[in-house]
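Going in written order, the chains are labelled A, B, C and D, and every chain counts its residues from 1.
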Amino acid sequence: MMPEASTLAPRIDHLFFALVGLSLVIVLLVGCLVAGFAVRYRRGSKAQRGQLPKWITRDVELGWTAATFFVAIFIFWFAASMQTSEFEIPNNAMEIHVVAKQWMWKLEHADGQREINTLHVPVGVPVRLVMTSQDAIHSFFVPAFRIKQDVLPGRYTETWFQATKPGTYHLFCAEYCGTDHSQMTGGIVVMPPAAFARWSEGAAAQGTLAAQGAVLFRQLGCSGCHGKSARVRAPSLAGLYGTRQPMAGGGFRQVDEEYLHDSIEQPQKDIVAGYTPVMPSYQGIASEGDIIRIIAYLKTLKAGGRQ
Amino acid sequence: MAEDLVLHEPFEEAARQRIAVPFGVWSFLATECLFFGGILLFYAYARWHGGEAFTQGAKEAAVWYGTINTAVLMTSSLTMAIAERATKGGFRVVARWMLGGTLMLGLSFLVIKGFEYRKDVHEHLIPGPGFKFGQGPAAQFWAFYWTATVTHAIHVTIGLGIIARLLWIERRGDLLLHATSAQGGALYWHLVDIVWVVLYPLLYLVGRP
Amino acid sequence: MNSDPTRGGIPERGAEPPSYLREGTTVRSWLTTTDHKRIGILYALAITFFFALGAVAAALIRAELVTPSGDFLTNDEYNQAFTLHGIVMVWFFLVPSIPATLGNFLLPMMIGAKDVAFPRLNLMSWYVFMAGGLLALFAILAGGVDTGWTFYTPFSTLYSNSHVLLAALGVFVVGFSSIATGVNFIATVHLLRARGMTWMRLPLFVWAMYTTSLVMVLATPVLAMSLLLVVAERAFGLPIFDPRSGGDPLLFQHLFWFYSHPAVYIMVLPAFGVVSEIITCEARRRIFGYQFMVYAMVVIAVIGFMVWGHHMFVSGQSAFASMVFSFLSFVIAVPSAIKVFNWTGTLYRGQIRFSAPMLYALGFIGLFTIGGLTGLFLASVPLDVHLTDTYFVVAHFHYIMVGGSVSAFFGGLHFWWPKITGRLYSERLAQFAAISMFFGFNFTFFPQFIMGTMGMPRRYHDYPPEFQPWHVMSSVGALVLGFGYLWPIFYLGWSLFRGERAPANPHGATGLEWQTRSPPPKDNFDRLLVVDQEPYLYHPKESTPDEVEQAHAKQKP
Amino acid sequence: MTHEERREIVLAPLIVWAGLFVLLGLTWGYAYIPGASAKVIVSLTIALAKGALIVAFFMQLRRADGLTRLAALAGIVWASFLFLFTFADFLTR
């Protein structure tokens, strides 16, 4: 098929070729039976005809019904066990933020390096992609890695890969997104670790995502209310990430990237119990890229620390 | 549609011909159930996902208009039910008056709905520029409100058309021959009522008092 | 069922009423007809037009894809071409193809009825179909639509600059014609079966129409609502799927696929029916496992509603939901496999004749098997992640919907052509068409499996050069396939005017529709029918090949 | 109209109608009790009860043949497929 350039690829191909083998067997079986019967029982041939005893038809019928059922269940089990084992994202993964828009990919490394349509990653390191879209639905598709994940507006979706071979691989948008859908392509450049380290040195000047987020946190006026000396009663954000918070409407919510994103864009929606919904929406003020930076900053704040 | 007492193409048996129309209409009502099922799914999602902000939006719905309209539509269902039974029994006068009553009640439902819409427009309850709540789940509630009530009002209008046709047939004097038509029309009108009965708590009783 | 077609159904010459074709010949008599046979023909004319329109779009797409760079069509033109192809082929050709034409024509005859249960509703459904078709045509003429046939939000509601509203309304309207046909067929099968025609004596074509109607009636309204919500959001700015107000674009996908996956069964169940009729007749054999064939269709029609999420494995749907949908998708493979095995089993000990309809039917078995097996690839989540939205999917559903349904449609058209028109076509020329369609189809679509596996995404008019050889193969194959579609127009057209007159039962088939004249009179049968035996009784007693051959030869004119 | 007919044609629907109004009052009243629990469930249950009254008596499903009941049931069952599987996604995301 294609170059296998991730840890996932050989396992997917394994399943693929197993299914190809099974399909060939079934196609051959049906094909040979149809062709064989067609020749042997063509009209006017001297072959033996006559009716079949009823029990034969019934047993044969039950036989192949049961057989196909078990084969189907077996393949499901085979595929599902891979789904549960391979799609779990490793904890130590390097994080890349992806913002898709008509018709380009904006990719940001945790150290602040920004790229458009091309992503540089080191070989042998798990990479977690946290993705969102600014407009329509897009889909992040790297055939060589056998990964694909739709990128939705208003939501973070995730996928991951661990590259195994240096090289440049296609990146496609696989969800139709309008006029230049077929131009929304790019490349994943997989580099040996040393080369990647050299490449990423250039980033230091801009500061990490979190550092840029700290600047935005002041510039956009977040610190005016959420800061320590603020007069407005707003929740402290230190150590918030990863906790579970009680909601005003009842129930709890996990404070994850999704929740923080929503709280910036639609602050009225899920309010932590005990606070009044006074925060204005930052929709249109903070871009998706800004929000990614602010979240990166919030994730660095430890409980009790300064804001 | 089908003359009850006379066998007509393609039927050979009166018993089968008699259930054809109700069965056909009930099948159509099953499709209506799935049609409204689609928009109720949107409501279920928005309410489950929108939380408090959704309720805030829903509190603006005019409960008085809604409650009165529910009463009006339920009463029209009553008159329709009597009309249909009277038709079958051959009581022309009762059938005529009850059909007329259903028509009037249906029309007054639409008129009341119109006043409610005027009030909603006045209070800036149409999502979009100038909407009272801005973007968010409250806007989703009102998106549901407008789509669902307008779709329902279109159903009411179609139902009124059917009733008007039944009245016209009655005037011609052969409603008895069209008893299955009356039955089909009545089934449709009751469904329109049921849809409203389900919409009522979803639109007007959220977050009271 | 009277096994001797020369007696019983047909009265003395001279006394017989005219055929349905002679019953009024003015245009007005056709446009106001409530005869199910004439309505079937009205539908046939309409869908032939739409098939041609969709085929032109397909030709443009294949021409563009010969070269990797987008040089023949602009990006917008290409996007409109595949959207047009999808919308027209799905809603204006495939969904009505077999049910509204062959189904309308044959269903009442096969159960021994004079007409469908609601003849005027039947005519109305044709007008509704035409109205929807005109709206969609208008959308195309006004400048086209570029959302893809799936109308995914928020692209369709917020970002597309094309005529989404018109197209969506067109599809919305056509949905009502589908519902009307479905309600009509269900009522017909329930209420108008001839005396003695029990459920387990129904021909499989009737069962296919019945289950198809069930799916039409229960799935189409949800499509109508999802399109209505798209219209509400796009035209009136009501935030329904808009994520900026907390809406979920996946909600649209759930609603859309709740219809559009069962829609695949609307397209393929009728094909099952046609193929079952052809194979039993041309192999002169009782269908293998009649009851299992019936149950398989019913199970497909029901479980078909519970598998839609397999279109959404990479959409952001929860892993749990993906697992459930994946499981059910594997389950539904079982009844499909049963059907293939049973057709194969029917050939065993048969008297097989390789007429054109039989060639189409055998081709159907092959193509449907490949289409079904590749469905297993797409039902397993890890593989689907790689393969979805690539040409693998394109090839897969074309094998089912074009290789399968369209082959069956052509097979059925040939099989019942003598009954519908009263004329015989040239068998030799028809066999040639069937064979070129089979090879042209494989030539066009098999390469797409390969390039899909290599990662060629769908809906790209400008693609990396390494995929070019496969695209060129596919485009060349499309020429052969196009020939296979055009060729029947000539000999079928010729047969209309110059073809030999057809006898009542040229294939020596057992169905009730063959027990009356060709073409049938307006009321289908000249007398009331009573059914006293199962369908497909082609070998009532132990018979030698010679006897069968002789019996068949006797029925030839 | 005989007594029998009057009961059949007028009285029976009137009783159902009265029942509907009682339920309407109930659902309206319950929504306004401050702090009452499970308001959503109560109001929807009452709505379904009203629907059931209309279906069973006004629409005479109570007396309809099995075939018609099947058609009516199909709509509900299939709509439940739609809700069940969609929420299988929403609730486990």
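The definition used in the following text is that a contact is a pair of C-beta atoms (placed from the backbone, for glycine too) under 8 Å apart; a residue touches a chain by one contact, two chains touch by 3 or more.
Only a predicted model underlies this, so the values are computations on that prediction, with no experimental measurement involved.
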{"item": "Identifier of the chain whose CA centre is least distant from the whole-structure CA centre", "value": "C"}
{"item": "Between A-C and B-C, the pair with more C-beta contacts", "value": "A-C"}
{"item": "Distance from the mean Cα position of chain C to that of chain A, given in whole angstrom", "value": "36"}
{"item": "Whole-Å gap between the CA centroids of chain B and chain D", "value": "14"}
{"item": "CA centroid of chain C to CA centroid of chain D, Å", "value": "39"}
{"item": "Residues of chain D whose C-beta touches two or more other chains", "value": "67, 74-75, 78, 82, 86, 90"}
{"item": "Where chain C touches two or more other chains at once, by residue number", "value": "190, 218, 222, 244-248, 250-251, 254-255, 316, 319"}
{"item": "Residue numbers of chain A (touch at least two other chains)", "value": "266, 269, 283"}
{"item": "Listing of all chain pairs that touch each other, if any do", "value": "A-B, A-C, B-C, B-D, C-D"}
{"item": "Residues of chain C that touch chain D when the two form their complex", "value": "190, 214, 218, 222, 248, 250-251, 254-255, 258, 305-306, 308-309, 312, 316-321, 324-325"}
{"item": "Contacting residues of chain B [partner chain A, same complex]", "value": "50-53, 55-56, 134-138"}
{"item": "Residues of chain B touching chain D in the complex", "value": "19, 22-23, 26-27, 29-34, 37-38, 41, 44-45, 48-49, 63, 67, 70-71, 74-75, 77-78, 80-82, 85-86, 89, 91, 94, 186-187, 190-191, 193-194, 197-198, 200-201, 205, 208-209"}
{"item": "Interfacial residue positions of chain D with respect to chain C in the complex", "value": "67, 74-75, 78, 81-82, 85-86, 88-93"}
{"item": "For the chain C and chain A complex, residues of the former touching the latter", "value": "70, 75-76, 79, 146-148, 150, 152, 154-155, 158-160, 243-247, 249-250, 283-284, 288-289, 292, 314-316, 319, 322-323, 326-327, 330-331, 333-334, 337-338, 340-342, 344-345, 347-354, 362, 365-366, 369-370, 373-374, 376-377, 379-383, 385-386, 388-390, 453-455, 457-464, 539, 542-545, 548-549"}
